[in-house]
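Next, two complexes with chain A in common: one pairs it with chain B, the other with chain C.
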Partner chain A sequence: MIRMTEETNEGICVVSPGTERLTAANASMFKEEMLALVDDGKDRLVIDFSDVTFLDSSGLGALVGLLKRVGNRGDIVVCTLADNVQQMFRITRMNKVFASYADAASAVRALKERV
Partner chain B sequence: MSTTVLEMPPRLDEIDGMVLSIKDTARTCLSEEKIASLEVALSEALANAVKHGLSPNLDVPIKVTVVQTDKELKLQIVDAGEPGPVNLFEDVKDLDDIDPMAESGRGLSLIRFCVDRLHFEPQGNRNFLELVFTSDLNA
Partner chain C sequence: MQQQLSKPAPVQVVVADDDAFQRAYTAAILRKLGYETREAADGLEALELVRALKARILVCDLDMPGLDGHELARRVRAEFTDYYVHILMVTGQEQNRERERALEAGVDDFMRKPLDTITLKARIRTTDRLMRHEILLAERSRVLEEAKERIEEDLRAAADAQMRMLPPPRLKVADCLFHSAFKPSNFLSGDMFAFYELSPGYIGFYAIDVAGHGVHASLMSVALGHLVTAGMMRENAFTDGRPDPARLVAQLNRRFFRDDGTEYFTMFCGILEAETEQLHYCQAGYPSPLMMSRSGAAREVGDGGFPVALLDSAEFESQVTRFGAEDILVMFSDGATEAENREGLAFGESRVEAVAASAAVMPSTIPGRIVEALTEWRAGRLLDDDLTVLVCERKHVS
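The block that comes next holds the complex of A and B.
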C-alpha cells in the first residue's frame, strides 16, 4: 500500500501511506510495510499525508510503533496534514511526538539540517 | 424525529462505509467540526465492537441506529459480542494522561473526548453503546 515518492542523496525517503483512510482496517499492513523499509536501512523518513483524509487511533499506534523501531538511529517526521488529521495529532498529543511540516520539501529540508 | 437502522458485518473493512454513510446523514444537524468528532468517535466505537466484541459471532451484524431530532443526533451501536464491564467508560484516562509512546489504548478516551454524552450498557449477550452529539446548526 505504501508508496515511496522520493529518496534523496542523504538517504531521506518520502513515503505516502497510499490510502485516504489510515485506520484499524489497514494500519497493520501500513506498519509492516514501513517496518520493512526501516529494516532495509531506510530510517530517515518523511511520511507525506497529502492523500490521507482520516486517521484513527490504530493509525496513530502504527506510527508510534514505527517511531519506536527507528529509535535513535533515524528520524520520522510527518507532513501535509489535512485539518482533520492535524486535529487528531493535536488531541492525542502526537503533535509533541512527531515534528510536522507544511509539505514534503520543507520536511526534507528540515531533516537535512538535522545531520 | 427520524430513525434509521443500519447494519454491517463485524469486519474492520466494513467500518469506513458505515462511517461515511452516517457522516452524510449528520450534515443536516451538525457542523463540520462536530462531524469530524463524530467520525472519530464512531470509527473507534465500531473498531472496538469488531476487535473486542464480536470475534466469536461472525455471522451476527453490528447494528447502528441513527436517531436524529432537532436538538441532537444519537448513534446507538449494538454488537453481539461478549459483554463488556458495566464501568467500561468510567475509568477511561484523559488523553493527556496516556503515554505518548503507547501503541494502543487511545480508543475509549477518544470516544469520550469526541461525544457530548455517552451511555454504555452490557445487555445479556450484547453490548449497547449510545453516542450523543448535540446539534450545533440550528442554535
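The block that comes next holds the complex of A and C.
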C-alpha cells in the first residue's frame, strides 16, 4: 500500500501511506510495509499525510510501533497533516513525539540539517 | 471436516420424453450407469416428478406435447432456487436455433438424437461431478453457517457479561447523578467506564477507550474494568491524601506497556472534591470532555495528554478545573466525534457540543440525545467504532 515518492542523496525517503484512511483495517499492513523499508536500511523517513483524511487509534498505534522499532538509529517525521489528524496528534500529545512539518519539502530540509 | 459431512443421497434422474421407446432406452442406459430413474411422458409430469423427488438431474426431450422442453426448463429454473437442477436436453439434428432458445430458457447441455451410450455416459458423468461438488459446497456452507451462529451466540453472551460490568444507565453516587450510554460497534466494546464514592466528599470516575475494537479490544477493556475498582483508586489516585489521578494513570502505563506491544488505551480519570468544587483529572489521550452549565454554555476540559501503554517514557499530569454545583460534565469516546455520515464527514466536536447543549436543561437526556443524533448522522449504518457517553451531573435535586 505504501508508496515512496522521493529519495534524496542523504538517504531520506518520503513515503505516502497510500490510503485515505489509516485505520484498524489496514494499520498492521502499513506498519509491516514500513518496517520492511526500515529493515532495508531506509530509516530516515518522512511520512507524507497529504492524502490521508482520517487516522484512527489503530493507525496511531502503528505509527508509534514504527517509531519504537526505529528507535535511536533513525528518524521518523510527519508532514501535511489534515486538521482532524493534527487535532488527534494534539490530544494524544503525539505532536511531542513526532516532529511535524507543513509539507514534504520542509520536512526533508529539516532532516538534512539533523546529522 | 470431511467426516462431519453427511453422505449424498442416491442420485435420481428424471427422464422426460413423449416417445415411450426413446424414454425406456435412455432410462435403461442410465440405470446401467447406476442411477435411479423415473420416467415422465410429458413436461408437466416431469416437473411434478422433479418437485416430488427433489431430483437434481433432468434429461428431457425438446418436443413434447403440452409443456415442451423450453417451457419445462424455464419453470424448473423459476421454481428451484435453493438448489441447482441440471437439465440435459435431447434435440434433433436440425435444431440449432432451438438450442439457442433452450440455453436462454436454462438448459445446461444438449445431446443429439439418436442418443448413443457413449455420449449419454460422458454428459451424465460431467453433470454428476458438478452436482456432487455443489452438494459438497452446500454442506460446507451449512457447517460454516452453524459455526457462525455458535460464535455469534458466544459473542452475545460475552456482550451481556460486559454490559453487566457497567453501572446502570442512571445512578446516584453521593450527591452526583451519572447518566450513560454504551454502544458497542459489534457485540463487544473496547470502551469501559465506572464511577464510585471513594470517601465522603470524593467521587472518582473514569472512561477508557482501548485502541481498535471488537473482541481483542474488549478483552483489555474488561480486564481494566476489573482492575480499576474503587479500592484500587482509593489506594493509587491520591498522593499525601490529595487527589492525584495521574498517579493511577502512570501506574497503569507501567503495568500495560510492552516494548513489542501495540495495545494501548486512552483514558479520562477524574476525582471530584465536593467541598472545594474542584475536579482533579488526568487526561490520557481521551477526547476533552465538556464542562457545561445548565444554559448549555460549555468549555473544553484539558488540552490532551499521552495515551496509556503507548510509550514507556510518557509522563502524566493531574490537573484541576472548577466543577460547580450547577455544572454538568459530558464525556464521550471518539466514536462520537469520528462517526462519519454517507459523505464521509465526521460528526465532530462542535456537533456533539450542540446536541449536549440543547439537552443541558435535562442532563439525564444528554446520552440518549447524542446517540439519536449519531444514529441519524449514520443514516441507519452501524457505528464503525464503540461509543460511550458519560454525563456527570452535580447536586442533583430530585
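The working rule: the second predicted complex is superposed on the first by the 115 of 115 C-alpha atoms of A that agree within 3 Å, B and C clash if a C-alpha of one lies under 4 Å from a C-alpha of the other, contacts with A are read in each partner's own complex, and residues count from 1 in each chain.
In this section, a residue touches a chain if its C-beta (ideal position, glycine included) is under 8 Å from a C-beta of that chain, and two chains touch if they have at least 3 such contacts.
Given the structure is predicted, the values throughout are model-derived calculations rather than measurements.
Superposition of the two complexes onto chain A shows a clash between chain B and chain C.
The larger set of touched chain A residues comes from B, when the choice is between chain B and chain C.
In the superposed model, A:58 lies in contact with both chain B and chain C. Judged by the touch definition given at the top, the superposed model places A:68 against both chain B and chain C. By the touch criterion defined above, A:93 lies against chain B and chain C together after alignment on the C-alpha atoms of chain A. Judged by the touch definition given at the top, the superposed model places A:50 against neither chain B nor chain C. Of all the stretches 24-32, 42-50 or 330-338 given for chain C, the clashing one with respect to chain B is 330-338. Across the two superposed structures, the residue set of chain A contacted by chain B and also by chain C is 24, 54, 56-58, 60-62, 64-65, 68, 84, 91-93, 97.
Of all residues in chain A, those touching chain C in their complex are 24, 28, 31, 53-54, 56-58, 60-62, 64-65, 68, 84, 90-93, 97. Listing the residues of chain B that touch chain A in their complex gives 12-13, 15-16, 36, 39-40, 43-44, 47, 50-51, 95-96, 98, 100-104, 106-107, 110, 113. Remark: chain A residues 21, 23-25, 54, 56-58, 60-62, 64-65, 67-68, 83-84, 87-88, 91-94, 96-97 touch chain B in the complex.
Within the complex formed with chain A, the residues of chain C that make contact are 209, 211-213, 259, 262-264, 266, 285-288, 303-307, 310-311, 314, 334, 338, 340, 344, 346, 385.
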